[in-house]
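The structure that follows is given in the form of structure tokens.
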Amino acid sequence: MPTLHIVRQSTFNSDDFTQCLQVLRNNDVIVFIDDGCYNLHHPLISTIGSEANIQLSVIDKHAKARGITIDESLYTIINMNNLVELTLTTNRVITWQ
Amino acid sequence: MKKIAVVVTTPPYSNLSVTALDYVETALKSGVELVGVFFYQDGVMHANQQAQIASDEFQCLQQWQLLHQRFQLPLHLCITAAEKRGLSDGQPNNIHPNFTVSGLGELVELVNKADRLVQF
Amino acid sequence: MPHILPKLTAIINSKAPFSNTAGKDALDIALIFGSFEQPTSLFFQGDGVWQLIQEQNGALISVKDYLKTFAAFEFYDLENIYVCQESLFQRSLTTDFHIEKVQVLAKKKFADKLATHHTVLRF
Amino acid sequence: MKKIAVVVTTPPYSNLSVTALDYVETALKSGVELVGVFFYQDGVMHANQQAQIASDEFQCLQQWQLLHQRFQLPLHLCITAAEKRGLSDGQPNNIHPNFTVSGLGELVELVNKADRLVQF
Amino acid sequence: MPTLHIVRQSTFNSDDFTQCLQVLRNNDVIVFIDDGCYNLHHPLISTIGSEANIQLSVIDKHAKARGITIDESLYTIINMNNLVELTLTTNRVITWQ
Amino acid sequence: MPHILPKLTAIINSKAPFSNTAGKDALDIALIFGSFEQPTSLFFQGDGVWQLIQEQNGALISVKDYLKTFAAFEFYDLENIYVCQESLFQRSLTTDFHIEKVQVLAKKKFADKLATHHTVLRF
């Protein structure tokens, strides 16, 4: 019963991503979009243990527009079609904005 | 076939609303059924006919109307949130006719019609 | 198979009560959902927990104090009120709230409870 | 006697605007000269004649007008910010007549006239 | 040449107060108003060294409305008249919102 | 004695460039102040430093890219551009910016420079 977490805010400036991490459960999916892309290199990312099997994705053009590089060993690069698909293949959506 | 409802809370002069539009348009074009978009909080400003966005900037308001026309996408406006922000269905009426003047009861409907609700 | 029962909705409150409309906007949704007999739970997390503390008085700053309406939750069948314990702890807050029947949940339980809902709105 | 200019960027439905009003009213009543209030960003919504705030909530829009009338307080509206948010001095005009339609050049004036500028 | 810092946001939720502390100079004045009152008991307060001679003030009704107690050994309790006076007795105002 | 010279104005940019109007609104003020020959400095702090990094491309997300206008700062006599070093460091950012003549200042110097200004606006 995974949840899709859509993260839209920079955690350097707001508490939203921290709150997302508080409710994260095994097998959940996080997608970084909009200003959420500023979180890609934030130390909080390393607190997400690999044993929890969290899928981390980024909308390509949202990161590129902001000049943010994507570490492909950590993140799955997706487009808007993939986000729509993830909406339907997970069980609920929470938007952190 | 699964159905999606969308809530938009961001104003037309924010790029966050472009993302919402992009999501809805992508879903519609891939054949997903969108049961409706509910405009709440600053999202209600998308229905303001009087709003003027510089011609070289992205025309959010126009884009919602195109989606409405092309896909019969229902656009629901929370009238309480809208009235606080200077929209009015009285005289003069400045709400674009493609929007349906609604209350929060409509959001209950959308939640029950949809398999997923996505908030922007 | 079509859904037969109305869907469980969660509303997360994440903002402090007075400086913006988030808390009031979330409350308006909760009351409408309640009056439509739509099963709805309220979650308080982050600065949203400030909405629950005692001894607040919006009248001092000319706010129409919507927090008083929280007392009507039971009347609207809004009986599932969950608070994130970690958020309280971070703010050095106690569990003395201005309404009763609030369930304080540790992080894992708060997350598990949220994941029992079908639809999640956050303000 | 020192002079103050004020910039308001918050919308009328936020309690942050009540604080701005409280500050300006307190300054005026204590005899401080307010050279003007400049409404920018979401602050421009204070000039919207069509906005409807529930009668049991604080009436920010009315309060600014009372201060304007009682103290001849200049209320400057950034028209570019206003047009994005559905205000218009064309037809139909929904800008309250107590507001002066201005551009950012007026903010330069206020900065130079005032000894202190306070942003809300 | 002290600066008056008007703090309006909760540092639990936004970065504004941290940025205020970055530019704090000796003899500056901080006034907590609106949601800034949520910072009164935050650990960041203790990072303001007493040797810097920073005056910490709170608008009484803004804290009381929020149910926040004021430690009078740390904070000067003021009203809106005092904030207007502080505007004129300091050299510039920065609003952190 | 009345002020004879125009007053030094500082504009602090504290928001990332695209999701809200803050950066564009601050830029509009800077350009008008510059064209009125009002001496004006720009400060970048917190998430505002993202406005300066290289390789951004707003067109990808349908933003009219106001950051390109930063190249006109010199034309508008906006020659004092200061960046908070600590904010760059917190975000693991280098000092490669998309405009030239940006001064990176350590915390104390950033604070001291800001305190030489008469009026401060922050977006």
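Chains here go by letter, A, B, C, D, E and F, matching the order in which they are written, and residues are numbered from 1 within each.
We take it that a residue touches a chain if its C-beta (ideal position, glycine included) is under 8 Å from a C-beta of that chain, and two chains touch if they have at least 3 such contacts.
Keep in mind that this is a model prediction, so the values were computed, not measured.
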Set of chains adjacent to subunit B and to subunit C: A, D
Longest centre-to-centre distance from subunit B, chain (CA-based): E
Interface residue overlap between copies subunit B and subunit D, same or different (over half shared): same
Chain pair, A-B or C-D, that carries the greater number of C-beta contacts: A-B
Of all other chains, the one whose Cα centre sits farthest from subunit A: D
Inter-chain centre distance, subunit E versus subunit F - centres from mean C-alpha coordinates, in Å: 25
Centre-to-centre distance between subunit F and subunit B (centres being mean Cα positions), rounded to whole Å: 34
For subunit B paired with subunit D, centre-to-centre distance based on mean C-alpha positions, whole Å: 29
Residues of subunit F engaged with two or more neighbouring chains: 18-19, 21, 46-47, 61, 63, 119-120, 122
Per-residue multi-chain contacts in subunit A, two or more chains: 8, 12-13, 15, 34, 62, 92-93, 95, 97
Subunit B residues counted as touching two or more neighbouring chains: 13, 15-16, 19, 116-117, 119
Pairwise touch network: line, ring, star, complete, or other: other
In contact (per the touch rule at the top): chain pairs: A-B, A-C, A-E, A-F, B-C, B-D, B-F, C-D, C-E, D-E, D-F, E-F
Subunit A to subunit E touching residues, read off their complex: 12-15
Touching residues (chain side subunit F, partner subunit D) in the complex: 3, 6-7, 9, 21-22, 25, 28-29, 32-33, 36, 38, 119-122
In the complex, subunit E residues that touch subunit C: 8, 10, 12-13, 34-35, 38, 41, 61-62, 64-67
Complex contact set, residues of subunit D against subunit C: 13-16, 18-19, 54, 56-58
Subunit F - residues contacting subunit E, complex: 12, 14, 45-47, 84, 86-87, 107, 110-112, 114-115, 117-120, 122
